[in-house]
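Listed below are the structures to be examined.
Two complexes follow with chain A in common, the first pairing it with chain B and the second with chain C.
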Partner chain A sequence: MSATDGTKAPMRHFTTPSGEIYPDVIDLEPVRAAHHALYESREEMTADGNTAAAIATLQMWRCVIYPGFPITPSTKWIETVAARIASDPTTKKRVKLMEAEHAVADYMVGAASACRDLIFPTATSSVGLDHMTETTRSLGASGLGNVMIIDVYRATANFPLCIEGDPSDTLAHRDDGFIQIAARGKQQIYDTVIQAPVLGMHPEILTPTMPGYYGIKDSHRNARLVVEPDAEVNTWMDKWLAPCALPGLLNGDTAFGNCVTSRHFQGFKVSQKRRYERVLEFLPRIGASFENHFGRPGLAFFDAVGFEDPSVDVAVVSMGPDFGTFEAVREGWGRKNSLSTAGIAMRLLSPFPRDAVRERLKKAKVVLVVNQAHHMGRGHLTLDVVDALSDLSSPPKVVGAFAGMGGADVSEPTWERMLDQAKHALEGHPVPPYAVFHEGMTL
Partner chain B sequence: MNTLDPRQLLRDSVLELRGDGKAGGGLVLAFQSLANLLLRDPEAQVQEWPFFSSARRGANIRSFLRVSRRAVTSACEVTRPTVVLLMDEVAARTVDFAHGVPSGGTFVLNTRHTPEAAARHFKLSGRVFTISGDDVGTKYLKAPIGNVSAYVAMAAAIGGMDHDDVVDSFLKMLKKRRIPDLVLGRNRDALLASFDAVRTGTFDCAEASDHQAAPFAGYGELPVGCQTPLRLSEKNRTADFAPSGFRLRFEDPNDACTGCAHCITNCPEGIIRFVPDDQIGVKVLGADVSQFCKLCQECVAVCPENLFKSAPFEEHWQEEEVPVS
Partner chain C sequence: MSSYKEIAIRESCFRPGSTLCPGCMEAVAFQNVGRVSDNGVKTVFTIGTSCAEVSSLFFPNVVAWGRGEAPPDDYTRSFSILHNVFESAPTLAESVRDVADVLTDMGALKQPVQVLSSSGDGGALAIGLRAMLHTIHRRARVTLMVLVNEIFANTGFQYSPATTPFADTSTTPTGPGHPGNLQPPLDYIHLVIAAGAGMVAQVSPAHGKMFNKTIERSLECEGTAVIFVPSPCISGWKFEDGETIHLATLGAQSGVFPVFTWEKGKGGSVKDCSIDASERPAVEEFLGMQRRFTHLVMKDNATGRFIARPGRENDLARMKDWVQSNVERLYHLADLMV
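Take a look at the complex of A and B:
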């Protein structure tokens, strides 16, 4: 910016709590203009979960750099991104293959701090996420809502190693400070990846996101997928994404993080947690906006089935694609046992939507919570549900169950056996705090 | 015995399919293409997914497919399929590809054998489709890749498919994998040649007790920690990871073994057979290839006398090798 007399005019700038911001340093319009649309119109295809997630990130004009490091079962995400980018020699998008997952997370810190209005996605799994831990905890507190780690769930309760889908990786990272959203099915995966950064980058939230889906069971499962045109995806996202009011490393003088004394540490944490809890307020709004724009259900705290009458005999709480098998057996088991059943499949894992879960389950007689991640107690979900119901004067009895750990098949007989356990509790019999089920048996 | 009509199941409830093969054999591509083909019915919903381990090429893998005109919500494995595929005969050494199939189901095999021979050997009751897919692959794709033909045979077994759709669906999946045009053309030729190579018949060779899945019997006693016997070849029968149609052969007609023992120390499976020898220390007699040789070819590489080689091996149906329960 130059004045007519040849002297340099002072650069436009203003003050924020994070330092001076120079809004004219970064011009995003060339970035937007350089985006090559992947899809010009709505298309229907078959795709697996990794492909669905990759397409969603490729369609965002705000995604220009894709750092990553391959690990089963998330590898096909970066393979798909790389193949699509390589097939377009004029695209400005780039894949950055890093040395390891820790390097990926560090790279995202730098890139996302440099420009807070671009989105930096990657995908990982299991020990890949563990390798990132030092940095994910920093990221969680960073205010960098433009970082999105897509976690393709894989058992991480090492050892033994296992490449199949179990959410123990994401659930082990619940205190990293990321917004963790579970998706099931190709369409929900695609839609969730589009919505997640909108939630994370909201000026009242500014928290990185970790959308996820089950490895193998969803990452490698093919089904129908409706892909929206890039223009619509970006129009909807841009409607929500105002320029970030905070400076980045390029357009301001903020740093990623400082060392503070005890006089301030707690204050920062209170602030972080307040932003985090605003997710409970904005997620439904963003989900409703998505549904209004695209005609499909948007983000929600959970998927619910069978709650036409909330006073159900048995309510199930679970997550992931195996909930679909419960949906398939629900009515048959209910008829056979003359009991009403309903269930919720959790979508928002962290922050846990405590009030919404309590409202949905408060009239159930028994709540069966099915955990699929190794836990040294009653299970992550069980503890959350027990906590959510604890305010009720006469809460439903909670039956804890584990099934599908390490991606084990959760068959129809297994679901029926778990429901039998809930029925047992409903009849007033004592049940253990938790039990493990497989192939129709209690182990 | 009444045969089950896959098309009717697809229309009225849900059609469930399962395939057994070996990693690297194209089973996943065949099932993905089949899912793609079935989705040409605008009302159809599918779920298609594989099951595999972290083991290398050659390990047994499975594919599953559910298709229906209703929403497919069930996500568990297919245990009572109406249509099954055996992509690789060697895979049937360690799994019963037909288990759980109801009487009157459909069995598709990539094999040189006739449908009748396959039905008798594997004790199958229902419609049996066979195709010598590896031969078609060798002719058109320059390699014994049977998945192109097996896919065509699966489409024929389901029925009601337009040939052009069958071809287009497979080629579309190949294009997604960025296969060069030359190879696409060869695959097209293999697809077209496969339509006339499918043989079929209906047989009733199974007893009621055949192909019953054993109930889950628990995990048994597992050792503390994770260094379990599960990872050892003695439990894993790694011979089944070897490429189909090849086996390690040891020949030393001229007593050329020098006793260097390189083969013994380099074999990851510990299957080199040897005896003490006064002159040369140890004398190698061969290798136990029946169970644990995965044809890594370390011995082939290190033997200074070239006494080991990977040789063609014709798969014979020996009853003791086929664990049909």
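Take a look at the complex of A and C:
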């Protein structure tokens, strides 16, 4: 710490690895005080996923600017935020309408580095996320854990354009460096959006987050939602969020975004990966803390069903709301075929919780991995699961499947057809590296 | 307004250690902007990828930015800089401005902040035209500085939308039947006025007092101030050491990039460049100093003046027509009272 005998604006300042910080320049208490609570008490309502995500961000006192650009099916997020802000004549919070998704991402770089104690959320989908890519790859390495891009999953790329929800957008961005968390159901969406910045802004992690949910199926369909009072949301978040020890542009004398020689590039990337891997350590703690505070399940690596005895005949790995259809057919199909079945719906996509997945699946005889995103190989999840199991001396056989691409419903007949394929493998018959299923048929 | 002398003795935020080419106008511009902005207000600078960025923020080289040998005790003299991708500088500046404004509005930030951005003409007028125009359109209270060296210098001197006609660039090379760039430059001054800029200028540090005064005024602008800084590039324009300021002066006086200042609602003026071509230095003298135009002009040993190369007379005439239209265009724009 340096003292000053200057005559002009003397202030405490400290040296940090990222430059000098003047901790008294920004007083966050007035920001907290300027927050107008959206909900004073716990309320139950019916809401769609975009509304649930919007409410969560609106309840955070640390969110003061909401940059956005509309794209189906995420548009209602920014519309909801804009409507709520517009309905409060005295709020000092702002909606920032940008001219393109790339501009939104650039805006978040500047805003999040200006003040590292505030949270800057946005929502996008599909090619909108692709349009951000040049900057999301920078953000992923930036240390700006106070950036949150809510990705409303939609098939990415055109030829053909498809506005329904599959996670090919988020899964095409796994190397951007964001913490990617999938949610299914309105309650899980709401709860995930509240927890994501806490994870990203943890001083051991400092990595932006990308919570996501399926477009149309979850973004547009209504279901029951319990909304916590703002005070409780912020009390819980503040318990985890200490003032950032590193300077921002406004309270620092610092430089962000330097370029480096290849020699030093290695160190930056190692540091980024280490921060990223700490997600595996802190996510369960944050999830447990959330559950303890609110009484609902918090963040987890995956949701699991049917693993009372881990030595199952067929274990399914999938994600998203269609996993619920699997849950509906699981026991019936198992009884009919005299086989035990279980499954996990992935929540943490990146970093992939390799060890936890291996532990859960290691005693299964066959693992059926259902991918809903287009992939030029066996599927994103399939490759991750194969890798997770690769350390086992006698790993389960992995059956790769694609279903529900472009947001198509994965119907009960389709699940049964895929499970039949897993049974085929269980019986020792050869199966192809992957197969595509739709409406009860193999395509 | 501060006097030239008062500004000259201030401390710049651009420090020794950059690897910009010796003779680069960008370094001169940064030195001056750095002194002007040492005005008792916290400075945040944003920068898109460009020569300036890779030459001044290159770890493990020194960071060539900041005031003083150590972070100042006086917060108002502290300096922060943010780099992101080519087109991003205006948007970055706008977002920093917004956060500062919201925090100030809420009573969380008591200190004023000034925000400037720096882009190259590639970053601002090619890949980043969208970003720049929309930041202006939203009336962001920032100063956008565009260093116009008329090429993508950072990637090896390729054509940009600001390239002067007939210039030899690495993507508009000259050869038999190929006289270099044939595309007239984008009318970027008109564009930013139309987008809603509060203040627009074209001036380089070759006009030192005017440059500093313009930057100082821009920091007080209630809307977006856009300063185009003609920036002779010693490597891309291929001129002799020590001629940077001379070339910038000659380029302005001959009508290639006249000094121009304009403010919303007040109109503007063209300085040091007559609308009458006969009262301006011959453009051939400007061209002759640079090897990027060596296919167009040559020195007449008899007179010591530059003249059209044999067979290039029509091209030179077209070049002079463009210069005249360029000057007249700016005189017209100066009359705009939007």
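Going forward, the second predicted complex is superposed on the first by the 432 of 443 C-alpha atoms of A that agree within 3 Å, B and C clash if a C-alpha of one lies under 4 Å from a C-alpha of the other, contacts with A are read in each partner's own complex, and residues count from 1 in each chain.
Rule of thumb we're sticking to: a residue touches a chain if its C-beta (ideal position, glycine included) is under 8 Å from a C-beta of that chain, and two chains touch if they have at least 3 such contacts.
This is a predicted model, so every value here is computed, not measured.
Between chain B and chain C, C contacts the larger number of chain A residues. In the superposition on chain A, A:Asn258 makes contact with chain C only, not with chain B.
In the superposition on chain A, contact is made by A:Ser138 with chain C only, not with chain B. Applying the stated contact rule after C-alpha superposition, one finds that A:Pro30 touches chain C and leaves chain B untouched.
Contact with neither chain B nor chain C is seen for A:His293 once the two complexes are overlaid on the shared chain. Contacts of A:Arg285 after superposition on the shared chain: neither chain B nor chain C is touched. Once chain A of one complex is fitted onto chain A of the other, the partner contacts of A:Glu20 are limited to chain C, with no touch recorded for chain B. By the touch criterion defined above, A:Lys363 reaches neither chain B nor chain C. Counting contacts by the rule stated earlier, no residue of chain A appears in both its interface with chain B and its interface with chain C. Chain contact summary for the complex, chain A toward chain C: residues 2-6, 8-11, 13, 15, 19-20, 22, 25-31, 33-34, 64-65, 67, 92-94, 96, 98-100, 102-103, 106-111, 113-115, 118, 134-135, 138, 247-250, 252-261, 264. The part of chain B that touches chain A in the complex is made up of residues 32, 35-36, 39, 45-51, 53-54, 72-77, 79, 178, 215-216, 218-219, 225-226, 228. Residue ranges on chain C touching chain A, taken from their complex, read 40, 42, 44, 46, 53-54, 57-60, 63, 65-66, 71-85, 87-88, 91-96, 98-100, 102-103, 105-111, 113, 130-131, 134, 137. In the complex of the two chains, the chain A residues touching chain B come out as 46, 48, 72, 83, 87, 159-161, 163, 216-217, 220-224, 321-325, 327-328, 409-412, 414, 438-441, 443.
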